[in-house]
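First subunit A sits with subunit B, and in the next complex the same chain sits with subunit C.
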Partner chain A sequence: MNAKEISPKVNARLNRIKIVSRIARLLVIGFLLFTIWFLLRVWIFQGTPVLFDKFNAASAKAAHQYPLFLCAGILSLFTPLILCVWYWKLAQLFHYYERGLIFTVKTIRCIKFLGLLCVINWTLVSTRHLLLQETGPGLFQPSPSQPIYRMEFFSFDFGWGIDFGPLLAGAIIVVIAWIMDEGRKIQEEQELTV
Partner chain B sequence: MNADEISPKTNPRLKRIQKISAYFRTLFFVSALLFVVIGVVEIIELPILHISDLAHSNPSRFRDAIFMGVSIICWTAETWFAYKLFFFYARGDLFTPEIVRYLRRIGYVSILIGFWSAFKLYFLFGFLGDNPSAAGAIAAKFGVILVQLVFSIVPGFVTIFIAWVMDEGRKIQEEQELTV
Partner chain C sequence: MNANDNPSKANSRLSRIKKLSRFLKAVFLIYFVVLGLVLVAGHVKTPIQVGDQNFSSPREIPAELKIYEALRCSLYLLAAIAFYRLLNLYENGIIFGAGNVSQIRQLGILAIFYGVITACRPIFAEHVIMFPKLPMDMLFSPWLIAGCLTIIIAWVMDEGQKIQVEQELTV
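Right, the complex of A and B next:
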């Protein structure tokens, strides 16, 4: 057998990865569509997002805290947007796997970006939480139908109301992607060493 | 240079991986220990403080204590598996079956945590307690729970999937090396 030829066993494994990746990609696109539909449904049919609610805006104006209220409102809009980008990048990752790209630069970059999105999401959620604390308790009444988007991967809440778990999860994803990248480079260098 | 020799560039890379992994290994070890301590305190505290809550018709505090207890068990398991994962990385094992095994275990626990968080939300919304009159309200609550469930269990499934692909990739490379 030629050194460049792919063995039948390897071919079967690659085919399996491709099939499962395709199914996973379709599922993730399904989740993405469901999330978009759900958000639109909440915003259009059940009123504007909670922080842009007229009653809440009037309360904030009365308390002379309208700029803080507006900042928190804008931040709360970004969170579902990040969720949608997260799903989109995940679908892209599965697309790379489907193409048979397992330990490539593109795949690793995609995993790293997913981790970074977790960190960005955590930053936004925490900033929003701090802004809402600044405006005082009881000013805004969140509706029970508003999505929470709290990924309970790890949870490290030290009583400040800010969970450091998602930050740690994002950092771990970035570190694992970095280790994979370094491993790939080491293997490449080993192959070139004669 | 011999084929078995490690190139001079490779060594600093491996050392860097080992150094950073060692930091994470320590962090997760300390976290796992902390969770064990908190868990033990919770177990000791539960019969003393919260059984009396149950007896004095205050079941919500008892329920919260149970919720917290199960979450702590899950987080302890997760941090322990993360510690083991970085333990192997710190040893210089990058694409070994052990790495895949622990990644997979982290995935399983995070799926469990995802289901548990959706279950908690189900209780917090008081599905069992109250009787919402409007069908739309039930649908909205159900939607929130479903979104939370999907959002919480997807990372677990992705972790398991990536672990599986890594394993397959490793096996493919091994088989390719054996093919002459």
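Right, the complex of A and C next:
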């Protein structure tokens, strides 16, 4: 086996990676544009976000609970924003793959960031849920008929109305990215070893 | 950086990976034991809750719903096995191997199946097919999207790993 025989093989593989990554990147950008369009449609053409509506805020038990309601509203604005950033980073990851960067620092950092975004999103959603619980029973409260506990794959609730599944998923992505980063560093160090 | 430093650095990194993988394996074992116990407890006490519906005895649960739950449980189990194997590989110091990629791909395939089965729940539970809703639920299922993305990432990693092997073979 010589270099002349292997080179076209590698090129063919790289070409395949480029084509598939480009398709995946375009699909992810499509999802991103669809999400932005959907949000704009809801917020601009159908009125302000529900939580900023004073009529809904009036369902809070007392007037002093309005700041809590407003905080929850602000937090609910961040979650779609995080989804957009998530799609953007995913598109970036496929862009790196398209350029032939597969096990590099950039790609691994990108995967780690995607996991971190899952964790941040979970924190925001949980905080919002807790803030809304403080405002008493209202539009966003879970119905009393809901089970006390719920345990499914990557989705479990201990009865607080908070789904811990996304937190677990995000943490696993971060850990796997960390392991890959360590593996990459080991490879680099071994290459440097004389 | 000299040759004497590097092996110890690599060893410390490997031992960190091993420790973390072992810890995650233990956490996952506990999680799946608890999950199993919760599932069993949910079917022992009455009323038995399957999705949104309550049943007073196991005999009341329709056969279709039993099949649906069995499929879901087997998917959990297969995913747990795949993830456990992946952690085992990491623990053994295999990080960019073909085995890792195959386990990640398997997790992606299982996520797709899970998304499809979850979207098909109305067929099992209510014997109805709502035409625009069913394909839309399938298409926009986060499990389906996550599964497809995982498969693509696994495939890219597999190709990358093959390129590395081929380049190592180049004289």
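By definition in this document, the second predicted complex is superposed on the first by the 166 of 194 C-alpha atoms of A that agree within 3 Å, B and C clash if a C-alpha of one lies under 4 Å from a C-alpha of the other, contacts with A are read in each partner's own complex, and residues count from 1 in each chain.
We take it that contacts are C-beta pairs under 8 Å (C-beta built on N, C-alpha and C of every residue); 3 or more make two chains touch, one makes a residue touch a chain.
Every value quoted in this text rests on a predicted model; they were computed, and no experiment measured them.
Once the two complexes are overlaid on the shared chain, A:24 sits against subunit B and subunit C alike. In the superposed model, A:16 lies in contact with both subunit B and subunit C. Counting the residues of subunit A that each partner touches, subunit B and subunit C differ, and the larger count belongs to B. Contact with subunit B, but none with subunit C, is seen for A:38 once the two complexes are overlaid on the shared chain. Of the two partner chains placed around the shared chain by superposition, subunit B and subunit C are both touched by A:90. Of the two partner chains, both subunit B and subunit C are touched by A:179. Residues 1, 3, 6-7, 9-10, 13-14, 16-17, 20-21, 24, 31, 90, 97, 102-103, 147, 149, 151, 153, 156, 172, 175, 178-180, 182-183, 185-186, 189-190, 192-194 of subunit A lie in contact with subunit B in one complex and with subunit C in the other.
Only residues 1-3, 6-7, 9-10, 13-14, 16-17, 20-21, 24, 31, 90, 93-94, 97, 102-103, 147, 149, 151, 153, 156, 172, 175, 178-180, 182-183, 185-187, 189-190, 192-194 of subunit A touch subunit C when the two sit together in their complex.
Remark: subunit B residues 1, 3, 5-7, 9-10, 13-14, 16-17, 20-21, 24, 31, 71, 75, 78-79, 82, 89, 94-95, 103, 110, 113-114, 116-117, 121, 125, 137, 140-141, 143-144, 147-148, 150-152, 154-155, 158, 161-162, 164-166, 168-169, 171-172, 175-176, 179-180 touch subunit A in the complex. Contacts from subunit C toward subunit A in the complex involve residues 1-3, 6-7, 9-10, 13-14, 16-17, 20-21, 24, 34-35, 38-39, 49, 72, 75-76, 79, 90, 95-96, 114, 145, 149, 152-153, 155-157, 159-160, 162-164, 166-167, 169-171. Across the complex, subunit A meets subunit B through its residues 1, 3, 5-7, 9-10, 13-14, 16-17, 20-21, 24, 28, 31, 34-35, 38, 41-42, 46, 83, 90, 97, 102-103, 111, 144-156, 169, 172, 175-176, 178-180, 182-183, 185-186, 189-190, 192-194.
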